[in-house]
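For reference, the structure I am asking about is given below.
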């Protein structure tokens, strides 16, 4: 694709992710995807902005909510959908499913359904990068809820003590399942993170892919050159329910108002001209990928006990 | 005992603890105490100052380095020494040993050899105190090393989110075994703790039992009345090796100079008049307790499988 | 320990979920020192319905959501228990309890013994085993063997609604130590119609079917599978299975098992986890150390395949033993002959779990 | 798997500690991507001597002390392994690994399978089992069964210096997955004089003594106890014990064990942990599921008593099986007669451990 501007490119990528997830939501009731799905609809700009200036050789770790990162880091859509369908051509041969997307070839190193479990992996890979002089930066992404886990504290301390080229991305959608951040946090995430002697950036415009990408440009450069961690908190908003596909704003754990406010700032809603420009092309790509996933075979029984050690 | 001043009383208690631990060091080579001992020599003022204004019904949790707390909270010396000797009259019937001193009757609720494991217990007991309206404060003490553990972070957050009457005492001797704080901490303990929206006090004069007791007086009152946590970091210095009885200043992991500096501020060394005044009385008490411990029987074989559930 | 049956009850139909909800509600209403703490216990899903509405009724000091910090939360529960509270802690997946292992194993399990018997840590930890709909490797584990290896823990796997009622009542009202209970997610939707009887010792293993041809020892949802298989082989082949609902995997009723195997000479073990170092292993030890000659055939055991759980349905269905596997292996054990189960004659099982959670 | 002996070596005398130090040093010198991380690995005690001087030699980027954060550290090791480093992680007591269970069980063990075989997590976790001198409940656990239950982990218990040499060499140079190795603290001080041979598969179980009267399967330091007991009953009563050093508790050599028990008809299991859901259980399952009739007598097993470890020496000595227990139970199993061991005829064991650590 040729784009006329950075904005266009980032828009395209964000829209593509949204349309892919909307397609997943459309397919879900057919039971073809038998795997819990955690959609990033509303949060796409974060993944797109974070990954834009990363190199293919840079690494990224994510959580169960990882479709957006998989795609933004350059993951193959066909392999992703096949994976969700539980098929052999999936990125994890069907063994992974939606919660465990990964692809070594693009530096997407893992996504885990144990909250906060990949934060320390980012630290470790950054250690390896430094020791082996790889000039790689490593990104590890997680939600606001993940910051409550002990290993989060441990990881921030380790990264700072050893001065490692790791970028922590806290994607703060204000919710852990149905629980609000204020109920769970005595601290303010980026302020608390700063107490580990880590440089910190707070971005409250989580819908603004350009702003995020620009901020990341400088951060990535600093981390790569100076081999030291950086912490980024990005405020964002989850449009759908925690797991599954529904809009659950009917449940009073959060407010419809907040939702409307976020939507009013969402370029993917605001800029319908761009949407129209890209929509059909993206649809075609998605349809082809869905067909690929449908046609891909299930893994053979022989795979059951393969790769255990 | 009658004391002419607060100073005298606190001095007496600190001296008593030191003399008891020196006696333990004296006995240790005989192998009568077959249990790893972690001495508080040099750190006594912390325990004495912290416990002085606690009520018997207030609770305290500690680590494997807990002789001083056990005694300062009012624990029975005979029961403690018998415990170290592995005897049936010990506070834990000999099953506990030096690392697990506890006595429910004085609110000494446990001491654990898993670093940081009792921090959350303090939080939980404070929760119970609040729920059951006990008007108790709960103290949990731990070292600087313990702050590196994930559950430390979790505990601070929990205490603050639920606004619980718990006092965190971080006894910072600058060392975790042979490792210096600066190697291990990207953060400054009390500053980091403050980021949890917890009131924080930093006391660098860990030898000054009066200053500590006075600070604790206010803290205890605030925590009891307002049912909210407080965090206290107290700088102190460990005179002996981490575990065992030797002076290991010959090993270059720390400096002899630092040791000399701390000794120059230590009232138990400076105020020889007081030492002379109390020494023989304390010695008598200790000798009687040692005799008690010696004479106490070992637990019978029937105890082996008792109290497992 | 031998089961002494008593107090027959005649509740007609009760789902596992409602038994849980009722147990939780009973505990809270009977004792002001009982609390429920866990992620989502107070939300509109209420831990898959098992704590629904309780926060509203008993207040948010007693039924509360808790930050994501399993080790700290468990330590908090231990500390609360040491100061007069009875904490009921929930983990919506068993897998998350691995983050709390040190508190459970190093602290809760040892608190009484380690300090010479002066302290008790009465508490209940509810762990939900996930299965189906692509739960995958990290939301499907069934880690009872890890806990059952540790002295000081009472580890139970209630297989039906009545077992929940009696076990949780006993845990809260009588037992003084930490109880780890494994609840199978698939059981939640099942209604239990039979009149099951309360037991004098609700943590004990129970014989749930008399028979003479084989002894089936089963845990959790595998008890239901065992009943279906037994039903089938009875109707179809006139074979009589004796079934023991193991229930407590840490304190199994050795005599009950040994007496049964002595009678039948054959043992079939159906557990929810991997077999290595699992329930079949421990029961094998029990028999081998008592008298291996009571076994007239090799033991057969079923459980998870020795791999992490794959997400795709095509492999997941091979990962867990099906009722066909169960019946064919069982039949072969009893008769020495191959039998191909007739699908139409297998009694209805539980509904297929439809995701996502 | 059958052991194929090869590459005989003739090193004369080597302590367990020196074997460890040499293995660590070899790994560091052979590969620039090997690191050692753990509390105190770079201090003047050097993990009980097993890492002494290595930080000075290989630099503190490669041999380094690490903050007290087991879960985070293990995750860091996993992440490093995923990016080209071979991490060797140490825990000075096994008990501390309970804080890292989620990383080990939920992540390291599953990394390869869960993502479809595309990733490997080669790493070695060294866990030291404490014993004696009042280690107490939290510094004495031997948690191999917990790990061995989990598919994806290779769990070994090297019983001697040569086993360390070959296993760690194999782990670092050939094996692609996570290895959990249990090193018994008491073994550190022992010198091994025999010419032991390297094995083609260093993770495999090994027959270390031929005999016909009984099969002893032992782990870690219990192998030494088994050799002493076998020696005694041979000299004193002319009884011949076959001894299998189990070594890998997760991937035991089933054929080796079954063949031996078929020959001797009798099985004695000596492990370092509690017996419930432990090594004796798993070996019992193996036999029961294969052919229980090969057992001509009830299996005997020894291990820790079913309680947390008491600190006082008076109970601690009852908590662990003594060599007298071992010999008398062994003799009774073989002969059916009571025998009171003659202390003077028991070969010298290891030195008593003198604390504090």
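To keep things simple, chains are lettered A, B, C and D as they appear, and every chain counts its residues starting from 1.
Note that in this section contacts are C-beta pairs under 8 Å (C-beta built on N, C-alpha and C of every residue); 3 or more make two chains touch, one makes a residue touch a chain.
In this text, all values refer to a predicted model and were calculated from it rather than measured experimentally.
Visitor: Let me check something: if the centre of a chain is the mean of its CA atoms, which chain is farthest from subunit D?
Guide: The most remote chain is A.
Visitor: Based only on mean CA positions, could you tell me how far subunit A sits from subunit B in angstrom?
Guide: Once rounded, the distance between the two centres reads 46 Å.
Visitor: Rounded to the nearest whole Å, what is the centre-to-centre distance of subunit A and subunit D, using the mean of the C-alpha atoms as each centre?
Guide: Those two chain centres are 41 Å apart.
Visitor: Taking the mean of the C-alpha atoms as each chain's centre, how many Å separate subunit A from subunit C?
Guide: A distance of 36 Å separates the two centres.
Visitor: Return the residues of subunit B touching two or more other chains; collapse runs of consecutive numbers into ranges.
Guide: In subunit B, 90, 92, 94-96, 100, 112, 114, 148-151, 153-154, 157, 161, 183-185, 308 touch at least two other chains.
Visitor: Scan subunit C for residues touching two or more other chains and write them down.
Guide: Residues 67, 69, 71-72, 95-96, 99, 102, 106, 113-114, 136-138, 151-152, 306-308, 310 of subunit C touch two or more partner chains.
Visitor: Have a look at which chains touch which and call the overall pattern line, ring, star, complete or other.
Guide: Topology of the interface graph: complete, with all chain pairs in contact.
Visitor: Once bound in the complex, which stretches of subunit A touch subunit B?
Guide: Spelled out, the residues of subunit A in touch with subunit B are 148-154, 156-157, 159-161, 183-188, 191-192, 195-198.
Visitor: Going by the contact rule at the top, pick out the subunit C residues touching subunit B in the complex.
Guide: Those residues of subunit C that touch subunit B are 33, 35, 61-62, 66-67, 69, 71-85, 87, 102-103, 106-107, 111-119, 151-154, 176-178.
Visitor: Once bound in the complex, which stretches of subunit C touch subunit A?
Guide: So the residues of subunit C in touch with subunit A come to 39-40, 43-45, 65, 67-72, 95-96, 99, 133-139, 305-308, 310-315, 318-319, 354-357.
Visitor: Can you list the residues on subunit C that touch subunit D in the complex?
Guide: Answer in residue numbers: 71, 95-96, 98-99, 101-102, 105-106, 109-110, 113-114, 136-138, 141, 143, 145-146, 148-152, 250, 267, 273-278, 280-282, 284-285, 287-293, 295, 298-301, 306-308, 310.
Visitor: What does subunit A use to touch subunit D in their complex?
Guide: Touch residues, subunit A against subunit D: 59, 61, 90-96, 100, 102-104, 109-110, 112, 114, 117-132, 134, 136, 138, 150-151, 153-155, 157-158, 161, 306-309.
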